[in-house]
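Both of the next two complexes hold chain A, though its partner changes from chain B to chain C.
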Partner chain A sequence: MIVAACGDDSAETTTTAAATSTTSGATTTTAAGETTTSAGTTGPQPGGTYRIETDGIAYTSGGDPSGEYLGISFGIFTNLLARTLLTYYHTGGANGNSLAPDLAVDFPEISDDGLTYTFTLKDGIMFGPPLSRPITSKDVEFAFRRMATESVVAQYEFYYDGLIDGMALSADLPDSIAGIETPDDKTIVFHLTKVSPDFVFLVAMPATSPMPEEVAGCFLQAGEYGRYVVSSGPYMYEGSDQLDASSCEALVASGPISGFDPENHSYFVRNPDYDPATDDPAVRANYVDRITIDLNTNVQDIYAKIRAGELEGAVSSGNPPADVLQAYATDPALAPLLKEGGDDRTWYITMNLTVPPFDDVHVRRAANLIMDKAGILQAWGGDISGVVATHIQPPGLSGLGADYDPYATEGHRGDLAAAMEEMKLSKYDTNGDGLCDAPECSGVVMINRTSSNWTASEPVVVNSLAQIGIQVAVQEAENHYTIIQTVANNIPIGMNPGWGKDYPDSSSFVGFLFDGRGIKAEGNYNYSMVGLSAEQAAELGVVFGPTVSVDADIDACKLAALESEQGGLDCWNALDMKMMEEIVPWIPYLWPNILTTIGPAVTSWDFDQFAGTTAFSKLAVDPSLQR
Partner chain B sequence: MARYIARRLMWVLLVVILVTFLTFLIFFVIPPVDPAILFAGRAPSERLIEEVRQSLGLDHSFWVQYGLFVKRIFLGDEYGWPGFGLSFVTRSPIRENFLERAFVTMQLAIGAAVVWLILGVLIGLTSALKRGRWQDRASMGFALFGVSAPVFWLGLMALYIFWEKLHWLPGTGYSSFSEGVGQWFLHFLLPWVVLALLFAAFYARMVRGSLLEAFGQDWIRTARAKGLSERKVVYKHALRASLTPVVSLFGADLGTLLGGAIITETVFNLPGLGTYVVRSVQNGDLPVIMDVVVFASLAVAVMSLVADILYAYLDPRVRYS
Partner chain C sequence: METRESAFGQGEAPREPEVGAAAIVGRSPWQLFLIRFRKDHVAIFALGFLVLLVLAALFAPVIADRVAHHGPNDLFIHDPVKMVNEFGLPLGPNKQFWFGADRSGRDLFVRVLYGARTSLLVGVVATGFAVFVGVTLGLIAGYYGGWRDTLISRTTDIVLSFPLLLFAIGIVGACSASTEGCFGGLIKPGLQLVVFVIALFSWPNIARVVRGNTLSLREQEFVDANRAVGASNLTIIFRELLPNLVAPIIVYSTLLVPSNIIFEAALSFLGLGVPQTVPSWGRQLAEAAEVFRVAWWMMLFPGLFLLATTLTFNLVGDGLRDALDPRTGR
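This part shows the complex of A and B:
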């Protein structure tokens, strides 16, 4: 069975053996599949150095693939350093969310009951220096054993915990996991405890990339392995060949790898043990000889250097500054060098179903109807920043686009009359005038971020809610997530959250966020408390109201996805609609774009839809145009 | 003098301990974000949070944590002495990174200090000697500009003019001495000058005021009456007396800068302690924050001590008992 998320729009990306085309901006695709740029250079040529600067890459585990849990790391690992059983095409659009065999010869054989997945590994796949040895199924198995080791702090181990038979966190490195078999060096078999069609996506996550026990086994504390990572991909950290892997002691004495310092730089060079014949050029093109990522604390300076041709690109913690965007958007000569990719993410306002006045669905619907989403978009920088979100899941994950809008209003400006009509149905409108006038409607604590997009859009949200009588007391906080993730805080409303997919399947979005079984005291991500049970409420010390559960819907959708891809998609979309119309936990307001600029020497650039960042394996430069 | 220095060193130690205690109290007891949750990912299980808490050593009581911290500072840790500990973010020893960054900051601070001392004293001297003339007005105009212009604006303007438009100087970034003295100097030139301008302006005003005050003193009149040359009167007597407050201030200023020049380092992308601590605060990397705080407080205390000793040399009236 082949499972590819969200369809496969092969029209978006054209691939030849020589070159991978890009989808937007300066780079256009010829009939032959070659790539050209505005600079006039035809076709990306191999060689050269692609220079990137960053204002700070946030590592969650010091570069350890087991513990890294942010898109930028996903992009770096899956493009450059870590091959997985399956991977993505590293391109923009729907095709970028489609899976392709990577270490595996093909997609897995799945048993009739949907519980057993068998992968066969390709021949000729090697670890890079200092090991330079073939990768076996045991190296893949070790990655799972390492994830199950508590001290490694593998941040998304929860996806596999309990799903793979026998996989559970343990204090020490487990000798084996009952549900993973490696009958020979080329075969790995996974036995699941429950039907989980999204398992194919789980084996494309970087934490499942093969890890050599003789190296990764030496580093079982969180983050330690980051500076000793042995590459299985087309590139490796510069200086990897200087490591002495004869023993753990020798490794430490000879390390860390000079080409990676999470506080300073990442330098990638070609992995001499990578055989392009084992890879698909549509997945990784690997044009450049070297990629450098250096820290630059001055964001303005990064974009000035790109414009001046001293750099090829940026890996930024946010979109380019407003003045840079304006310059590129208004100057025809620069416009082709502004690149964008749709982030599979929804920014939203969350409402807590256990806290008045949001324990009344009519209040939540009225809040959706009154919200001036166009005003919020404007505060975020206008159309270039994204499109108004109209439901839970971003279009890249579902068949539902912006056409489905259960709270449609003229120009997304909000509809006071409709909102007041809805509010009249609420118990918090005590006199039926369409305004929330009960005491619970005043001083409603709303959590917000301290950064610009959120503070700029804050007045829009405050004023919108005020129009229907909800008077919020805003609390801006650096630790905004911790506040709303701590259930005991009973935060009624927050405009700070956003959710991006972990992998392109609804089970990592709507099927994950609203699963009542996942509600917990700290680190809770089901901010609306959808599916809270009476037992949970008692245990957590929160009010148990007339909340509703979609746990059964989630389970049903997972089963439906196993039956057929379309069946699963339809089911998740129906759940999205149910959430929006019946449960109404959110006011979704933005599906954002990720924007960046590239230098004049770039001859190939692409967006990685899976990681939401630059497709590092699709970059090419013309050194003669570099300054 | 030796007893004085020993006593002052004890005070330095006490100040450092007090500062570390207060900083530890602020960041560990009432942290803005629970580090365990921060580093456990976006959907952590309670077990994972607990594991992170243990791995970061946050499961101990406050006093045990503080004791371990003080112990590693004074007795060192497995990575050497003094002990800098392990970064929460990179999970790697802080030591190497810290020392490299401290060296960058030191080059920036000392280079800038040389520039501002030379500029400040020269401008202050010129202004005092040419009091009321156009040189005085120009010097004080410079001082006003230097005091008023924000460092980040000066830095951005300097980069725009000398790098982006004129291409006279390289852009941002750090070039080490080993990569070539020329490149090293050119990369530091703008940061030195930009950082020095603010201080130079202050120092120029201070030197001018002190000199003018000295020129009105009886002992200067006496020196002139004795027939000393104007050069000797100005440089040997008046200037020397005027520099005593400058030396005091210089010690404190240089000490403060050694703890990190955040804006200058940020604008010119210099990997020093200033940018290090900013990123660490953003990332909740408490051990790095603590290390920088200890280093910064130590630098201020030690430089103040050095300034006091120099003060005694410059002003024989000062006696330590």
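This part shows the complex of A and C:
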């Protein structure tokens, strides 16, 4: 299962519209249209090519919008190729987490019982080549039918499964879905089985973008459709017009589209059938004529080329190397070309409530108190890398912000005295000296990643825990997620996980991660096993169960979200506090920044808060400055 | 003129040398070896370095405590002693940190010192296992011949034909996938696993060498003589064959140690070696690769020590071979 890995490695993120108003991701970049120092005074001009290199885009489904579940793909689809009923403003900060009508004329009409959502489509919305035909409500419906087809392996189908009436995975392409009606070409109606105020976010996910049955219906195996994607957005893959869509056979014979090869490149050109009048310039500005993304496995080379003006940007699996960041941050001439955005994500250490010594809340609290979070931040690359996390939900998703810190210590460096006081309350401190001294306290297996930010911060975590007597044995592994997602491994503690929102609502964060009903033997993302029932414990063979549950709190918050103006934020925040103070499943340590550099020819750049990546539809260049 | 009894005590009393004639001195093979080895200045110098290295490794905790005043896992990431900058990059050598620091703000001098422990420990222990297995199997195959020889020799061929680094990576990866380790928990991830994997792949060469030597030795008269007087196979193997195999075994072991040290470094470089709390040169080199452009010291010092150690082991091995078996020309 990729659910958690996605939530984590991807940058999909954002906050609820309500939440964002209070927080404003501290670090987002300027609004669209910002000009850099080297640009002309007239602002961004249309035209030109924006050149990007990547050290590897991780595709979860070969570029199929139904199956792609990582931030970069979300960014590419929602900015360039795939319009949805609602979408985001493709900008940084709170505004980037706000929804805007896209294919729909307006926000949906919601019935009084909260169960029926009706959308009306705009006029003039078209599929690009090779179809060049109007988009209808049937095409949106088909996206849902396709998602429900098992062989497509739609990665986040679970959000819709059971929520839309009649939506469930089926072996073959379903003819219809009971809860989706298309009374005419311009109207689509969704009938939900339960009140779900976050449904508006769910129709902004790329998997719900309209798909033409005559093309997408030919490719019902995972990973097949990616190279035949028909665009509904302002750009299309170069060579899309070379496809012959007269039949499935003709498609395969004329394909794949030359402009997209997941192993090598993505080239985007303007979609001639896109009518800017149907879009909002604040959502998509579409300055450049062409965007190229090429593979280059040498990260240093990518950033050197950007600096030299041979490239405009990078799409990277991580932030630029520390020495690149240092060079840009310390040189006033380069500083404006270093861009950052908040990544509505929390990096944390997970503690397993079913494995000693972490089955004792006092041990978990003591571990929070002793942790040298400032040291971890330092090893990650210092202040430029983000801010110390003090609770579950990142600031972009909650109103709590960094002011709420139940385990505050001086300079975030940990407090030995306070941690020992807490440890004294634990049964694992057998002699009351403030140290974990029972046999369970040594040789505690801790999972970690093999990549440098994690290995560099690992000694900080190891040393911190050792101060209160917890001696961990670290296991660094490539398949770190599989290890902690397999319940039978009974991993006591892991410093590998992180979680980024799928969409800007707490129900995809605190309301999702600790739901005991979601615990499963494999692909489990509730690593702490919060809310494990006695039956589940017996079924999964977990000895130290059941555990304390917050399922009722989660359900209450979802209800509250429907009734309150601000989306139940107070309720979610109260749950966040309860998690930190009473349940204590995590040691949250970092709310990271996403950093990148841009070339001197860039005249407009923006961050996409929803996708946590470059806002591809807001880019502009001055070709005279390109090398 | 002083003469010595032959160590082998053939019982023949040395003759008094005639006046004016060159003294003919009976010398044991051991004496001959020492004389030859002493003349090899390169080997002696290399041996001196190894002795120093072993001492440094043995007394690493004392040196760390008395000289550097901190241990290999102490972190210097906060004021007043901060060895990383505001971008998380390590700082270079200074008076207190002779080799600079690594990304976690640890003293590289102390970690390189402790790295010698890991390298030598893995090198020597894994070689020890390999030699034990290799000599045992080589003797059995060479002495008994027949189906035993076929079985052992073909097994040796098979193991030798493995792409060993790939295979080692596979085994280490598989055994590290869970905390249980491999073979029902017999082999746990970490140092143990590394030693096991290295030993697993380094015995075949020595087995071949021993088998070859044994094949020729068992046909010689002194073996026949032993058989004739009714000596058992074990007696022949332990009293007659093994002593004659000491020279090649020593030489081969000395050459195997550096290759095993490199093997450990390679595994650690790939992140499959020992855990981070156990400093290893290979892992230090891997960590250096990412920040080499701004932190040359992280590459230089572990690299230099790895090079010097493997080079000197090889030089000593060469010297031993020349001294033990003068017939082999260079």
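Everything that follows uses one rule, which is that the second predicted complex is superposed on the first by the 582 of 627 C-alpha atoms of A that agree within 3 Å, B and C clash if a C-alpha of one lies under 4 Å from a C-alpha of the other, contacts with A are read in each partner's own complex, and residues count from 1 in each chain.
Note that in this section a contact is a pair of C-beta atoms (placed from the backbone, for glycine too) under 8 Å apart; a residue touches a chain by one contact, two chains touch by 3 or more.
Nothing here was measured: the structure is a model prediction, and the numbers come from that model.
S.K.: Between chain B and chain C, whom does A:Pro321 touch in the aligned arrangement: first, second, both, or neither?
M.R.: A:Pro321 sits against chain C, while chain B stays out of touch.
S.K.: Tell me the contact category for A:Pro459 with respect to chain B and chain C: first, second, both or neither.
M.R.: A:Pro459 sits against chain C, while chain B stays out of touch.
S.K.: Quick check on the superposed pair: does A:Gly523 touch chain B, chain C, both, or neither? Answer first, second, both or neither.
M.R.: First partner only, chain B.
S.K.: When the two structures are overlaid on chain A, which partner does A:Asn479 contact: first (chain B), second (chain C), both, or neither?
M.R.: Both partners, chain B and chain C.
S.K.: Does chain C touch more residues of chain A than chain B does, or is it the other way round?
M.R.: Counting residues of chain A touched by each partner, the higher count goes to B.
S.K.: Counting only touches as set out at the top, which of chain B and chain C does A:Asp175 meet: first, second, both, neither?
M.R.: After superposition on chain A, A:Asp175 lies in contact with neither partner.
S.K.: Have a look at where A:Ala379 lands relative to chain B and chain C in the superposition and call it first, second, both or neither.
M.R.: In the superposition, A:Ala379 touches chain C alone.
S.K.: On chain A, what residues does chain B touch that chain C touches as well?
M.R.: Of chain A, residues 300, 478-479 contact chain B in one complex and chain C in the other.
S.K.: Over in the complex, which chain A residues touch chain B? Could you list them?
M.R.: Residues 56, 58-64, 67, 69, 150-151, 153, 155-158, 161, 169, 221-224, 226-227, 256, 261-264, 294-298, 300-301, 304-305, 308, 310, 478-479, 481-482, 485, 512, 518, 520-523, 525 of chain A touch chain B in their complex.
S.K.: Applying the document's contact rule, which stretches of chain A touch chain C when the two form their complex?
M.R.: Per the stated touch rule, the residues are 300, 321-323, 325-326, 329, 374-375, 378-385, 411, 413, 445, 450, 452, 455-460, 462-463, 473-479, 483, 489, 491.
S.K.: Help me check something: in the complex, which residues belonging to chain C touch chain A?
M.R.: Those in contact with chain A are residues 73, 75, 77-78, 84-89, 103-106, 173, 176-179, 189-190, 271, 275-277, 287, 290-291, 293-294.
S.K.: Name, in rising order, each residue of chain B that touches chain A in their complex.
M.R.: 32-34, 37-49, 51-52, 55, 87, 89-92, 97, 156, 159, 164, 171-173, 265-269, 271, 275-276, 278-279, 282-283
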